[in-house]
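The following pair of complexes shares a single chain, subunit A, combined with subunit B in the former and subunit C in the latter.
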Partner chain A sequence: MKPDSLRVLIPALSFAVLLAAVFWLQPRAMSYLGLNLLFNLAVPIALATIAQMLVIAVNDLDLSIGTFVSFVACVTATFLNDSPVLGLAIFAAAIATYALVGVLIHLRELPSIVVSLGMSFVWGGLAVLILPAPGGSAPPWIRALMTAKPPLLPMAIVASLVIAAVAHLIVMRSSFGTALRGVGGNARSVERAGWSVLKLRAATYALAGLFGVLAGVSLVGLTTAADANIALRYTLLSIAGVILGGGEFTGGRVSAIGAVIGALTLTLASSFLTFLRLSPDWQIGAQGAILIVVLAIRLVLNRQERRG
Partner chain B sequence: MTFRTILLAGVALAAATAVQADTAEKRIALSNNYAGNSWRQAMLESWDRVTKPAVEAGTVAAADSFTTAENQATEQAAQIQNMILQGYDAIVVNAASPTAINGAIKEACDAGITVVSFDGIVTEPCAWRIAVDFEKMGKDEIEYLKGRLPDGGNLLEIRGLAGVFVDDAIHAGITAGVTENPGFKVVGSVNGDWAQDVAQKAVAGVLPSLPEVAAVVTQGGDGYGAAQAFAAAGRPTPIIIMGNRQDELAWWKEQKDASGYETMSTSIAPGVSTLAFWVAQAILDGKEVPKDLTVPFLKIEQADLETALETTPKGGVANVEYTQEDAAKVIAAAGGA
Partner chain C sequence: MPQPAVIAPAVIAVAGAAKAFGAVRALDGVDFAIRSGECVGLVGHNGAGKSTLVNVLNGGLTPDRGEIVAAGEARATYDVAVARGVGIRCVFQELSLCPNLTVAENVRVLREGSGGFGWRNRAAATVRESLDRIFPGHGISGHAGLGGLSIAQRQMVEIAIAFLDVGAPPRLVILDEPTSSLDARRGRELIAHVRRFCAGGGAVVFISHILSEVLEISDRVVVMKDGRVAADRPTAGLDARGLVSAMGSVARERAARRAQPARSGTPLLTHGSLAAWPGEIVGLAGLAGHGQSEALAALYLAASSGWRTGRDPRAAFVAGDRQVDGVFPLWSILWNTTTTVLPDMTRSGGFVDRAAEAAFGAEWRERLAIRAPGMDVPIVSLSGGNQQKALFARALGSRAPVVLMDDPMRGVDIGTKQDVYARIRTEADGGRTFLWYSTETDEVCLCDRVYVFREGKVAATLGGDEVTEENIIAASFGGGHA
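Showing the complex of A and B:
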């Protein structure tokens, strides 16, 4: 089996096992409405995870994605709702800022962890400035989109499939995606092949910013209002989602489909623990344990594959 | 409502809790966002202490409590959606954010679930809200002082954490009270951050510049610190309003035994979770309940001090658990049946 398919196979299997366990514990989840309730909050997490995956693909790490999504959520619930043009302009500026951060990291050879950590305070501060007290309201169109009831499959599943397909096309099937993964694998040879690594990194960050914007907008579509601290957890969730989905921190080895599955698995894991009625004191530890088990299985399989 | 009447009502009702056939099949869940301080711990304990007998007596079928591992709105939204899947009939929620879980609350309402929010209330119109009237708390302090000092006097105001709405609300109440009673004059104001050590430092810093202070108006968790600062400066102890913390009550008791010191103490009891439980039960029972209810304060007066101190754990907050009857009174006060 090709390593790339193996990369997706293990996350998919662990997802299936967890889903079976949830269905067994809570048969009500096995319905159109149930699946939607189980997964709709995973949609913004999946989008944030794709943003994180793009950054990880070029060997960087984005510690600001959680506060960025919170910032976007605040803009969505205020500016985008009151004057859509201004809201879109702010999003464009935010995406440009993301590209600039990529340029800065590349030119000055700064560690991305430090730069993005700094940016997280900038986004967090802006979010509080825009929305000092929780509130605002979701633009009706995004609310309608996120609560739509398409035939056959619930919106949460449809959205996850679309996100996975689009991200897969960009990262695995386009020439830009190949070059992007090349920057993570061997930046020098990409440069020798005539690509500008600076431009690639800027484009990657801009694309990550775009997915971050989509995450924030879709989140407000679900919550109906925003809060400056609404998505702080997304930073760690997105990193965990990428790794759980078969990505690696170095070498441009990522999987878009895996990342979406990873985000869904993380959401499912916490529901699973709630259905188990596990005490909150143990929940974070149990979530960590699920992560470690999945990663351990992957390590063992990788090793066996190398031997065979 | 004084501490004693609540206590008596509780004893009377505990003996007479009848089986309610109408809600015997109903299941109620508590969605809590945080358990990291003594107030929240007391809140969860109260929930267990009141709901376990209610389940055993067959009043409701289940009353499970869930706390999110991290104090995050997105996590609580997911938790509430899980509760919908688990098929609860009512969800009682202390929310991480007044707005960020509205989507999940709406999903619950659409699924026919009764949602009652308390303490950390939500703005989604389909949910019930049991809110705290902090402004009235500030006003009540001045009302009490008016009874003690008919001629008025100089006040020192200890405020809470700057920028938090609770601080603004209590302050607004105190300001309104002082405006209505021109005999009183606020001669100094410091931020005590609801912590005894911070309050003590702040009061000690401002005391030398103040004229004689007749009374100290507080927000809770700062009275003991203020008393220490007055003692250290060698000034006579004014009337200090207390905030139901055990250290404050213990100090008050000491002063009362030594010199007949009189004051009062007021705050919100963590047992408000049990009030929310009974309100949810009443709604499930088909009672007409207005969407906005107000939590009664837990007021401790001179005569109740010993009882309150005995029942308050060291380092804790005076607490009271509400009964079905108390909930009925709160609902009636808001104009429901």
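Showing the complex of A and C:
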């Protein structure tokens, strides 16, 4: 229990510190509207981060999630808006493709980095074919959902809580999620216990595809239109989110709640830098510096724990 | 009508089981059966076929030939699911739990206990109960992360899970070196539990290198050798000496021992009580995984790494696990052989002298008879034996006075072995020192002096005519006096 709680504690602490800094710089952010503005764009990133976390849990890495979310966004703003049935069919096919990629990686023992890098060009190409120029429009229902104003907490916070809870139930509490993390920890022993690692990996990738679809749909709900390059940075953001949230690249050590916190922290970091009036030219570098600092703190704490 | 004699039915029986991995016959027609209430000790030296037999019993491996009768039924298909269905559980030698999960989650992954709402607490409760029964006062929580437990605690958890009384109840539990990471007290508790389990009608296959333990716990001992059952006797009347001689081979002709090189002055290198003088072939023996590879690695790193290593190499290394720390799979044979000697072939300006490199390759191809269409074909196109020759060329071709060999003959055919043995002798006569870890007793017997490792330390030093298979086996098992 202890290493797991520490896994979530450090991301939560760094998130709290960053949030306090933002409130100190810009007290007006400390309101219903302010919080919603701060975390609006974190919702699709959190969903993409969960997708990435699932893939990382089985010791793989998905470099196609950014272009996949872009592709889904393009489908959402066009097909899903014009004829919902066709849109949903496309999503089902996309999720099936994700599962097939998992099967291919498992059967041929291919490096997931290479396969998903290849797939990223496929998804990117399809996105450009669907929407050569920015455009389309969001289906009204998703627009309504994303801009809803629930009482007490803004939508962005409610959505993040729901995502964290659902992902935690699937990955950390269910038998399936346990077996999935078992594949990351010791695939041989999972296989020897009579599980089909092939099926587990296919299901993991399909689930990652589902979360990728949710990320794309929710993104369009916020932006109202789509663009073939809308979510390219999600690939690196999602990986950073998983790691920032206490996950590790290998060994099946991930945390769903941590991943959502990681995604929120990344969004917050860019707001923090804007409030600092840092020129946009320096922001990406500064964001990287924040990441390195947080990861360094975690490394130091992990080492002390091992020694103690 | 005469009553048939009451005989407890066999939990599992295999007849004529054979399994080959490439040219290696891991199992060569094995008959094995175990009945309810029986505890069978399974012993044998490295590569005798114990692990393969265990994997056949638990359904992990399908034998090439042979019949399997489990729970009274002949099984045409016998896999992990069938084995679990008839209640066969296994504790593997290397820890096979998931370190990133909790104890309860591991129970679930190992498919013991049911899923559904609240499975976590149920699994934690059952594993605790099992731990309490076997190892009282264990102090392990069912919700503890496995990664935070000590090796001994993990081993206790794995044993407790194997004896869990949920799902298909355990009828046969296979314990492969279960006491290797337990201390003496926990070892006693396990032995007591095995006794109770067998008295209650369960069956246990007990594999251990500590012969006194095997003799104490088992009703019957099966000795394996070269993929066959060499002996199958009731434990009563057996002693450690008898087991050791059953594991060894009958008198076998062997090459004349070469003259002992004269030792003078201080040893060339030392590691703990291990020492080597110039011109010696020093053997490292004992059961696999008892610290031999670690000792070699420590010696090599001490001689090679660091910022201030000079131009003269002090040691060369021949890897046994080719795929992991031997070949560069994308490179040609030539590039694979010249990695150690590149500094000697560098012209001014830091460029490699291509002609010298090619000449080196041609010379060693000739000397070691590497069978390849040319030295510039990819190394992975070669057979395992010829790949290994290229790795030998890499080490022997360097100017290093010491060559460390980490079980280098794994999967190498007999012809190559003879070529390399001859080469090693020639080089040693020329003053080179060899440290040779081998899991094959025949090879160790070629050495001038042999250090037998047990549990990470040198347990015995054999020199000259003491280097015999029997002495090596006795020292590596340490049954009589451990």
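Going forward, the second predicted complex is superposed on the first by the 307 of 308 C-alpha atoms of A that agree within 3 Å, B and C clash if a C-alpha of one lies under 4 Å from a C-alpha of the other, contacts with A are read in each partner's own complex, and residues count from 1 in each chain.
Following the convention adopted for this analysis, a contact is a pair of C-beta atoms (placed from the backbone, for glycine too) under 8 Å apart; a residue touches a chain by one contact, two chains touch by 3 or more.
Note that the structure is a prediction, hence the values are computed from the model and not measured.
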Item to check | Contacts of A:Thr78 with subunit B and subunit C, given as first, second, both or neither | outcome: neither
Next on the checklist: For A:Thr235 in the superposed arrangement: first (subunit B), second (subunit C), both or neither?
Outcome noted: neither
Checklist entry - Does subunit B (first) or subunit C (second) touch A:Thr267, or do both, or does neither? => result first
Checklist entry - Who does A:Thr178 touch here: subunit B (first), subunit C (second), both, or neither? => result second
Next on the checklist: Tell me which touches more residues of subunit A here: subunit C or subunit B.
Outcome noted: B
Next on the checklist: On subunit A, which stretch or stretches are contacted by subunit B in one complex as well as by subunit C in the other?
Outcome noted: none
Checklist entry - Inside the complex, what are the residues of subunit C that reach subunit A? => result 58, 60, 80-81, 84, 90, 92, 96-102, 105-106, 108-111, 115, 119-120, 141, 143-145, 147-148
Item to check | Contact footprint of subunit C on subunit A as seen in their complex | outcome: 1-4, 173, 175, 178-179, 181-182, 184-186, 188-190, 192-195, 251-253
Item to check | Residues on subunit B engaged by subunit A in the complex (per definition of touch) | outcome: 35, 64, 66-70, 72-75, 77-79, 81-82, 84-87, 97-104, 106-107, 111, 123-124, 165
Item to check | Contact footprint of subunit B on subunit A as seen in their complex | outcome: 26, 28-29, 33-34, 37-38, 40-41, 133-136, 219, 222-227, 229-234, 267, 270-271, 274-275, 277, 280, 283-284, 287
